[in-house]
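Beneath this line is the structure, given in structure tokens, with notes to follow.
Going in written order, the chains are labelled A, B and C, and every chain counts its residues from 1.
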Amino acid sequence: MSRMLPRMALALATVQLTRVRGAGVALPVAIGVLIACVGASASAIAGVPWARVASVAFVPLHSLAVGIGALSVLSGDALVELHGSTPFGVRAVQTARGALLALAGTVGALAMFAPLHALGVVYGDIGWASALSPVCGAVVLALTAYAVVAIMESPRAAAFFVVLAWVVLSFFWDPNLAGDPVLQRAVPMALALAAAAGAWLSLGSPERACAKAVGAR
Amino acid sequence: MFISLEHLGKDFRKKPRALDDLTLDLPSGMIGLVGPNGAGKTTLMRILCGIAAPTRGRVLADGHDLSDARTRRALKRTLGYLPQDIEPYPNLTPLEFLEYMGVLKGMDDARERRRQAGELLERVGLSDVSRRRIGGFSGGMRRRVGIAQALMGDPRLLVVDEPTAGLDPEERMRFRALLASLGGERTVILSTHILDDVAQTCPYVCVLRGGRLCYDGAVAGLVNAARGRTWVTPPLPAPPAGAVVANAAATPEGTRYRVVADVPPAGAQPAEPTLEDGYLALVAR
Amino acid sequence: MRFLRMALAHARIAARQRALWAASAALCLLSLAVMVNGNMPYESGDVIDLAFFAQMLAMLPPVAYAAACVDLASSPVRLGIGEVEEAAPVAPAVLAAARVAGALAVVLLPSLALLLCCGFGQLAHGNFLGPLQALVMFALVVAPAALLAAAFSAFAGAALPRAFARFASVAAWLAALALTSFVGVPTPGGGMRFEIASDPALQTLFGLPPVLNENAAWAAVPASPLAAFASVAGRVAIAVALLAAAGSLSRARGGRR
């Protein structure tokens, strides 16, 4: 049984990939690459200093893409009841999806950051440590989506809260801690992990998950 | 599989009691589960599938208590569930969807999953479209995908909720034949409002009403509940008072009513009862 | 009257989602928090502070509406009542508009309440027209912006798979904001800085400077009354067109099943 667990976990992750591959994986990675291209083009056309300032506006869009993609994948599942009737259960399925989303968000963030960092277009760049900001930002939004979908009954309300989290992070928190990516991300990560832990506990009841799914329709 | 319910009860907040002191032994084979809306059928099925927990009492599956999480998980490996409203993921093909469900049911061997998926799709008549996306399927085809996923993993307990809802007559016949081939050592619980499906496929039936058990036993026994109480009236302008109407047939002279009543309406002739008459005799009191 | 009754039914549905209220109120408070380093609109008698807050309400919360309203046009088809609605003697565009109006009325209530509170606060500080001005700002600036964002969302939800629709509508809204709400201001060193442009209606009616940063107001041309009218009417017209298109698209896609 204990030898089977990693194999079954891998099988679970693999089948969940077929479910989340569009909005959950392709979107964050594609948006990351797109933002890198936009940044590169901006630096070529308008110069590096201008592009660096402008990056404040378009770099946060990546974490928003991760959060919104996560919302789309994690909410509105028509098969919640069916998942509840399987040995894996609703919690394992949602958590597997959330983990894949966070991973894809990380990959997308790195795909965005690396070229921009190489071109010197990242605002407040202190080296590779600055990658913490977009990477953890993506993970924070993925965890936030995981938490709100588990707790909220309505996908619409969940969307509001994900966007609220992004607005707080991008417009209020980050600008005030621009030069310190570690502190900038430590507090949001801690909060997001706490929320995700609460969601994990909530998902332990398939009955509650099914009742929420009916309400969400 | 032998399922035993002992004083099972289920309460929801601010709602009437869903299940009330249900004690029942479910043998292997085909079992019909019928009752009016709100009788507690879906709640009972969810408890059997480990999705909902009872408020009181317990469920034993082959002697093992389902209140234990490990027992529940073990049961789910041998469970097939077809909920009433099932929407298989539209952007997957039936083959991909069945493999997906196979993984969730703990089917470890990828080759075995693929083999079973192919076999089941053939059985439900979808092998020609096994690589087409489900999003383009008709309602009946999607329901057949749902039936196929319930059978993945060769379940010992199969719980199906309104499986023939929305199917055309040909598909209903096909599904009945499929269900009939599943009995044996399996326990198949068929919840439906279509009593004809129960009459054709189930030797055993349970009737719930208001969360309580009204009847459990042979289908023939439920039919007998209406024996000597089923009548066909002469043409009448209105249904006879005090009788439960099972059917009505319009004629030029009026309407002939098939009724279930202790006292025959004036001029009514006795009729051979059906399962529908027996059901009405029980629940319409 | 029938439109109002239909909208009321949808408002009732939205009002029963308590989480929506909480999220909407939180976004409004966040818009207020933007002003924490300056004069808060409820503790000054200057209408410009109130107008600034109205502009923040027109820019920030609609980002959430753009993400959240993707199912406004498609939900009846998805829930199976699309055909029932189609059989009713009501134009599809009217149906879609009632659905959006009802849902938006609920999520906009916190914005209206907060704006009115600030208006009354202004009244207490000598601006006797404060509450009335707040109402006008809500009607001409905040509500049209919300309607447009919701319309982007509904159209994206009808045209695209839901997964991508949310992001597409938010991106479209942010792009629209970037194109219409930012103006380049030359800097003394010969470069260019982008400032947030004030809403034309707020400039014309309440004297808001052309850019929110008063120090750079000299560099931008104030909006004309015609531009103000065009801004309000244009938003509403585009929103209505998008909603009508969203309704048609949803029905066409649902009918193909």
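What to note about this one:
In this text, a residue touches a chain if its C-beta (ideal position, glycine included) is under 8 Å from a C-beta of that chain, and two chains touch if they have at least 3 such contacts.
Being a predicted model, the structure only gives us computed values, none of them experimental.
Relative to the whole-protein C-alpha centroid, the nearest chain centroid is that of A.
When each chain is reduced to the average of its Cα atoms, C sits farthest from chain B.
Per-chain Cα centroids separate chain B from chain C by 49 Å. The centroid of the Cα atoms in chain A and the matching centroid in chain C are 26 Å apart. In this assembly, the C-alpha centroid of chain A lies 41 Å from the C-alpha centroid of chain B.
Each of the following residues of chain A touches two or more other chains: 22. Looking at chain C, no residue sits in touch with two or more other chains. The touching residues of chain A, when paired with chain C in their complex, are 22-24, 27, 31, 50, 57, 61, 64-65, 68-69, 71-73, 76, 152-164, 167-168, 171-172, 217. Against chain B, the residues of chain A that register as touching in their complex are 4, 7-8, 11-12, 14-15, 18-19, 22, 78-79, 81-89, 93, 206-207, 210.
The part of chain C that touches chain A in the complex is made up of residues 17, 19-20, 22-24, 26-27, 30, 33-34, 60, 63-64, 67-69, 71, 79, 161-164, 166-167, 170-171, 174, 178, 191-192. The residues of chain B lying in touch with chain A in their complex are 46, 49-53, 73-74, 76-77, 79, 81, 83, 85-89, 91-92, 96, 99-101, 103-106, 108, 110, 149.
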